[in-house]
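The following blocks contain the structures, represented as structure tokens.
The following pair of complexes shares a single chain, subunit A, combined with subunit B in the former and subunit C in the latter.
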Partner chain A sequence: MVTVAEELAKKQREISISEFFLKNRHLLGFDNPTRALMMVVKEAVDNSLDACTEMKVLPEIKIELKQINENRFIVIVEDNGPGIVKQQIPNIFGKLLYGSKFHTLKMNRGQQGLGISAAVLYSQLTTGKSTKIYSIVGPKKAAHYFELQIDTKKNEPNVLKDQEVDWEKDHGTKIEIEIEGRYLKGRQSVDGYVKETAIVNPHATFIYIDPEKQKLVYERVTEELPIETKEIKPHPYGIELGHLIKMLQDTRANTLAGFLQSEFSRIGQQTAKEICDKAGLKAEEKPKKLDHKQIEILFKSLQETKIMAPPGDCLSPIKAELLEKGLRKEINADFYITATRSPAVYRGMPFQVEVGIAYGGEIDKESQIRLMRFANRVPLLYQQGACAITEAVTETNWKPYGLQQSGNNMPTGPAIILVHIASVWVPFTNEAKEAIAHYDEIIKEIKLALQECGRKLSIYIHRHIRAAEQREKISLFEKYIPELVAALSSLTNNKKDSIQERLQRILKKELPSLEAENDLKKEDESAQDLKAQRENKKIKNEKKEKQTTL
Partner chain B sequence: MVTVAEELAKKQREISISEFFLKNRHLLGFDNPTRALMMVVKEAVDNSLDACTEMKVLPEIKIELKQINENRFIVIVEDNGPGIVKQQIPNIFGKLLYGSKFHTLKMNRGQQGLGISAAVLYSQLTTGKSTKIYSIVGPKKAAHYFELQIDTKKNEPNVLKDQEVDWEKDHGTKIEIEIEGRYLKGRQSVDGYVKETAIVNPHATFIYIDPEKQKLVYERVTEELPIETKEIKPHPYGIELGHLIKMLQDTRANTLAGFLQSEFSRIGQQTAKEICDKAGLKAEEKPKKLDHKQIEILFKSLQETKIMAPPGDCLSPIKAELLEKGLRKEINADFYITATRSPAVYRGMPFQVEVGIAYGGEIDKESQIRLMRFANRVPLLYQQGACAITEAVTETNWKPYGLQQSGNNMPTGPAIILVHIASVWVPFTNEAKEAIAHYDEIIKEIKLALQECGRKLSIYIHRHIRAAEQREKISLFEKYIPELVAALSSLTNNKKDSIQERLQRILKKELPSLEAENDLKKEDESAQDLKAQRENKKIKNEKKEKQTTL
Partner chain C sequence: MKKKKSKQHSELKELGNNILQQINKGKNPNIVVPIRALSNVIYNEKTKTLELGKKTAERYFFNVAHAKKFLQTVEIASILKKELLDTDKHEHLRGVFYIAKRTIPGTDVNLVDDQVESDKIIEDLEVITGLSREELHVSANKMGSMVGKVTLKDSGDTIDCSRLGKGGYSIPSITDELTFKKVNAKYVLYMEKAAIFERLNEDKFWLKNNCILVTSQGQTTRGIRRLLQRLADEEKLPIYVLCDADIYGAYIYSVVKYGSIALAHAAERLTIPSVRYIGITMDDVVKYDLKKQIIKLDDKDLARIKQVSQYDWFKNNKDWQRQFKLMKELNGKVEIQALATKGISFISEKYLPEKIKNKEFLD
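Let's look at the complex of A and B:
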């Protein structure tokens, strides 16, 4: 007799990761046509920016949306990065979970090896079309052209065309993806993505041609490349027992002390000895020979030994000054303030928080502030409610800083708040990478940065408001002087001129503080204005120049 | 010269799905020790319940949490299901993305082939221990015992022990997983999971031994097995162009008409012909010979042809009556109402919504109502804010139904609202399967079910409240009768008795509607009470019996 178990066994099958994400494409952010269009652009541009960083070249990225019909678009993204060697192109674009960034602890935009192949998968699901890739790796090298799809059953690339082509370019990559999509304007669209990406990548130039064939150029505002980041080893506080077991199996070190020093961040000879001593293990022990009990003790000892926090030089913040330039370039406000915190650590991972606030000017006074979230210089446009950044902003008390706020809601007022988190491993809540997990350490750092900016904002707002009130008082008094003069003159038979003069003398004498503050304020404002005007003018001129040359 | 592209190429690597989820375990719900403990129990119990359904056996599931030290637990789950054949055990438990349910459209608890192997992965990550599995597939078969881990680099099982053992059982599976966890009481814990699972699986018995060694038995309240469900073919409205291309490549059918009829739900001969005609294609066309343009036209024609909704018999709702029994068993309330909607469709997928409301009794009057969410009979304990069910509940206007509500917040009052969605493919927002995606069709169906129950709730509440008010009026009047009688008697010198009699006659005459309504209400209430008492008594007796025999 055949048992039920045997019947069931016949149905058991391996599921390829491509099939899995094909059926669960919403997990990757491809859940509706509007968002999908943005995601495809985002994945391509993220890769381009990462590649340019590797090459230490100032990025120039061209994004084009060609509308085929109401629901169909060809997305074209071209960069001046290093290009991709021929042999790697099929896997990078035609295989999910393939990449160079997953196994390293380094600050990158991409980290999972999913993004661009997910876009290819979505393209073939919705249009059945192949993705086209051009790549050239150096001025004397041949350019390569590929057309490919993904064999979803095997999660392997299916190359339909592979040939050399002429391409007038020294180095770079171009991708053309045909997808079902919907083009909308607004923040959560391609327009919004490009604009916000330009703000946090002030060293990059973006040329964006929208479906209506309008060309928008976001010029770089600095020629300075972001700080080069280093790959780091894991920190002992960030690993788990299972990791340690695996690391001990895989290591090439011959001694336990050697293993600890070579495989971890911040363990030197002295610390290694201390850890071994505490665990009651010999420094010369063979790592592969430890049994489960010994490893558990070693693990405990690692957690209990005082070890320096991981180095922060693996991070590349935008830096306050450039962040302000980025904000000024895209947002017309009266006042800008930015702050960059020192590196901090969550679960052994270094991270760094930056905050910027733009206030007044053309920003809407009546609505909730606009929150702009970024991780490793990538804008996060969806899932605001699920993000640690949102929690940090709403849990901050904004009233003392001059913004309206009811309870723990988003504050209201003419402000835009920008938060950027840089880390060697950003803890996203899902594969679409749109919200950051709620680690206490991260929320705390964001709050501190918000408070730092908030205090300066409050000084600006209070001065601004008090000055306005005082100006009003003085002008009110001045308005009544003529009438007062006339009355006093007819009462006393003194000359109007001399009365008026004396009254104004009194006003100046009685309200010297007011005048002084007012002058100070005016100075301050005009300085600020002048600076802003200068900056804006400079940027606009540069933009103009470039636009005419393009 | 080595180009940057060549340097980068050296770092490119394939990422195994195990490595991916090891680093991203929060995606699977293993993001903190409390939740992880619940997840491990949930994955094991879900599998047990699904297996029992396949065998058409009334499930008896034993769950035990053994605490090793503060942060360490062994989770043991044992079922009376069909067992698993020896050859399949390593893959089912030791390989992510492996299973029988992913490639079918059938109502199951599991659907991804991720859950139980994710639990094994979490165990080995946090404790380095192997998972132990016992299985027996029939009374005359040998029982098998395995100890295994996952080789994360390859995503393959690593079997450490594999032997025959004695096990006094006809058929079933037992799993022992050692993990880092934290045990808490409350709704989002193992306690909450077991309790809610018992409510929506009234045909199953659960024996739960918590870390304090207390034994809780949740007895089945029906011997009736859930309706057997059928696997269905995809519905034409639910597929995408890429799917269609793949299906045409993979089909064994020789003609286009044959392909349409055999591979889709609800396409008969006539409809197949209509689709072909509309697309300008011959019914005898070879499916594999169609070119891309023809397929696009065929796809359009599929979407534009009127095709019956998919059959609903692939769904197995709990059914209103059993849902009420389940609620009565675990919640002490005054009033219960349940409703099961007819099957509906989202993106070609059949689904069905059920709602239950318990009101009054021991339920807290002052707080927000408690929302219990279920999908395919599995409680959803996390991410309430991200779930379509929550949206449907908060967007319903509860005031007319007698609950307090401010704006679109969760209503307030002594009520528990239960929502169950059954589908051949539940659209979860993430791999941890804790929230349902916001499909309009789903939200609409939930709202209709809520309104159906809401109307009945409102009748109960209004009657209840109005009756109470009227009883109060009558008793107030009756209270004054003696004084009135005494006064009238001394004024008129008539006898007190006759005055009293006449007054009461007036009362009855003047307020007949009141009395009538009151009587009706009393009747109604006592019937309801009686029914409830009977039910509760029955359940309690049964419980008692079982507890003594165990």
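Let's look at the complex of A and C:
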């Protein structure tokens, strides 16, 4: 007799991560051909930008989409980054969840080491083709060329070709991925992604060749490299119990106090002692010897002890000034305003919010404002409705700032609102990294930044609109003069010409005071009129009432 | 007739010349307009009429807020002169609005957008020139009828108001140019409610009581006020007003007697200080046992009582203050039609004859 459990046991086996994502590709953002094309470009460009940042080189990234047939493309992304050492190439491109960034808390575009290998997997899945990689790490070194696929069962790279080649380049990486996809123009496509990426990376040059072989160059507007970010240790407030258990196991420290000081940020001798005291544990206790109950107490006391917020120097904001430059080069508007908030903290993770608003110019006046969302300089093009940034924008009352808004909807008007969140760990709602999770601290910071820009926007709008209205009204005088002349001449039987000429002269004389005219005039006729209107209305209403009783 | 017209011509022309002079001196031209609002209305105890005070406002051409109104004023003045006075024609307020309504070339601005605007300018022109709207040949809706033993001449036609059936003589908007040929009546009874007029006309009240009946079918128009005034002044007839016993009735009476805030500038030509209020009063409610017909006052009524009782022309009138007090005490108002509960012709056979016989009037 075979039990059901034993029967079931035959079917139960380990699922490789590759297999899992093969079946759940939407989790990574490859759920439709249009989006998949954009995702492949995005993953490759993210890696290139990160690599250039590490090397401290001004990025120059070439993106090319070659259309093979209606729904098949080759995506080529080439950078001037440091290149990849030969041994690592198969793992980086051919193994999911392989990367240098996952275990660190440092502001990067990529986090999990999932993106580019997922793109390789997607290519393999839809076209069966291998991915081609070129890499060179220095001017005197040989360039390497790889063709590889992923062994989805083992989650291991399957190298099909590995050879040295000639490549006229000092250093850099180039990747060619053939995929099934669909190319669309517009915002939620490669076009939009490249443009928005150019805005928030004003130090980078992008050369984009679209499927119609049109070459678009987005030149850098600054030679200033982003501030180099420091890797930080986790902050006690952002840690989870399971993570603490693992840290205690892995630490090289011999004492509990030493563990606390070396593995966390913002814990010094004094604070470490306080935490141990609070937990009723000895400072000399061996970290590996703590039992589960003790760890739980330690975890609790970590949360309850007052500890300084993590340092903000691990963050690299675009900076208001450069963000404005980025906006100016890609968006034709009349007015630009940007703001960078000071670093703040959610769950022990430092983050920083930046907002930019472009207003007027060629931006559509009638429709809803366009919201551009970014996390660590990466544009978020999908899932706008699910994003904390969207919530912060719609919950802000834009009317006082001069935009139209009905209820808690997206405001309307000729504006583009850009929100950038920089963090050592951006809390995305899923692995496609398109929407930011709704942490109160994050929403609050975004709102404050929006308000800061909003106030300046409102000053501009009100001054600008008022001035425009004033100009328009003054121009009306020119049109009114002939009318007045005609009426006057028929009233008095006088010649038109002389009146017209004189009125023109008076207008010239009065112009400066007309332009300076403001609302705070002494009780003039308009004020009197208003008063009289109100009174007369009252009486009329009464009369009407009376009539209805007839 | 010719002489009068030249006066109107010269007043309008003077307005134009005045502006021209300022332009010739290189000044930003302005028009001085007396303010027509409660704040500038004075009750003259002596003449018992509302008068316009001395407060004025200046309307400048080169002023962003005034320019359009300035242009409207001059253009409508020129329309009145050229289209109406010069050709000796009359036009309705609505007609003047349409003559003035046009888009100013090169703009999307209409000279006037709404009849309210041109009506207001015409009222302004009245106060600026001291001429009445009627003198400027502008008429309003005609609303109102008259029956009784009066024969008059209207545009060359002789009309006997005792032979016009149920409808009676339709009172024109401008009554200045009517002439009374033969008047054989002891008094004039004016009521706002057309329904009451029809009742009394059907009962031949005017024939039995030798009087004239006038109704306005709505608010008392200028034409009717002017007609009543002329009947009082020229024919020396007493005028009695019949209204509901409520605060609005009181106000209608006061408009006929003292004038209105909106038309304070025309008070001289419209008010009839000798007019008396015949009913119905709050005392009638007790006297004729109409308590069951009382309609409860609402907040609006109470607020209006408070407001009207404070007007200068009611403030020191003991009789009326007593009426206001009774309204509040009884917390109600009574319509004329309530008398019908005593019998359909109770009003014409008993109520009114008794009142007139006993001289039971309010001043």
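FYI, the second predicted complex is superposed on the first by the 470 of 550 C-alpha atoms of A that agree within 3 Å, B and C clash if a C-alpha of one lies under 4 Å from a C-alpha of the other, contacts with A are read in each partner's own complex, and residues count from 1 in each chain.
Going forward, contacts are C-beta pairs under 8 Å (C-beta built on N, C-alpha and C of every residue); 3 or more make two chains touch, one makes a residue touch a chain.
Worth saying up front: this structure is predicted, and the values here are computed from it rather than measured.
Peer 1: Who does A:476 touch here: subunit B (first), subunit C (second), both, or neither?
Peer 2: second
Peer 1: Once the shared chain is lined up, is A:487 touching subunit B (first), subunit C (second), both, or neither of them?
Peer 2: second
Peer 1: Quick one: classify A:246 as touching subunit B (first), subunit C (second), both or neither.
Peer 2: first
Peer 1: More residues of subunit A in touch with subunit C or with subunit B?
Peer 2: B
Peer 1: Give one of first, second, both or neither to describe whether A:502 is in contact with subunit B, with subunit C, with both, or with none.
Peer 2: A:502: touches subunit C, not subunit B.
Peer 1: Between subunit B (first) and subunit C (second), which, if any, makes contact with A:420: first, second, both or neither?
Peer 2: After superposing on A, A:420 lies clear of both subunit B and subunit C.
Peer 1: Based on the superposed arrangement, let me know which partner A:430 touches: subunit B (first), subunit C (second), both, or neither?
Peer 2: first
Peer 1: So in the superposed three-chain picture, is A:464 touching just subunit B, just subunit C, both, or none of them (first/second/both/neither)?
Peer 2: neither
Peer 1: Can you list the residues on subunit A that touch subunit C in the complex?
Peer 2: Against subunit C, the touching part of subunit A is residues 470, 473-474, 476-477, 479-480, 482-484, 487-488, 490-492, 494, 499, 502-503, 505-507, 509-510, 514, 517, 521, 524-526, 528-529, 531-532, 535-536, 539, 542-543, 545-547, 549-550.
Peer 1: What residues on subunit C touch subunit A, complex-wise?
Peer 2: Subunit C reaches subunit A through residues 12-13, 15-17, 19-20, 23-24, 26-29, 33, 35-39, 57-59, 61-71, 74-75, 77-78, 81-82, 104-107, 109, 111, 192-195, 218-219, 244, 248, 251-252, 260-262, 300, 304, 335.
Peer 1: Could you list, by residue number, the parts of subunit B that touch subunit A in their complex?
Peer 2: Of all residues in subunit B, those touching subunit A are 1, 3-9, 11-17, 19-20, 22-24, 26-27, 31, 51, 54-55, 82-85, 87-88, 91-92, 95, 97-100, 102-104, 112-113, 124-129, 135, 137-138, 141, 152, 171, 180, 240-243, 245-246, 292, 295-296, 385-386, 425, 427, 429-431, 437.
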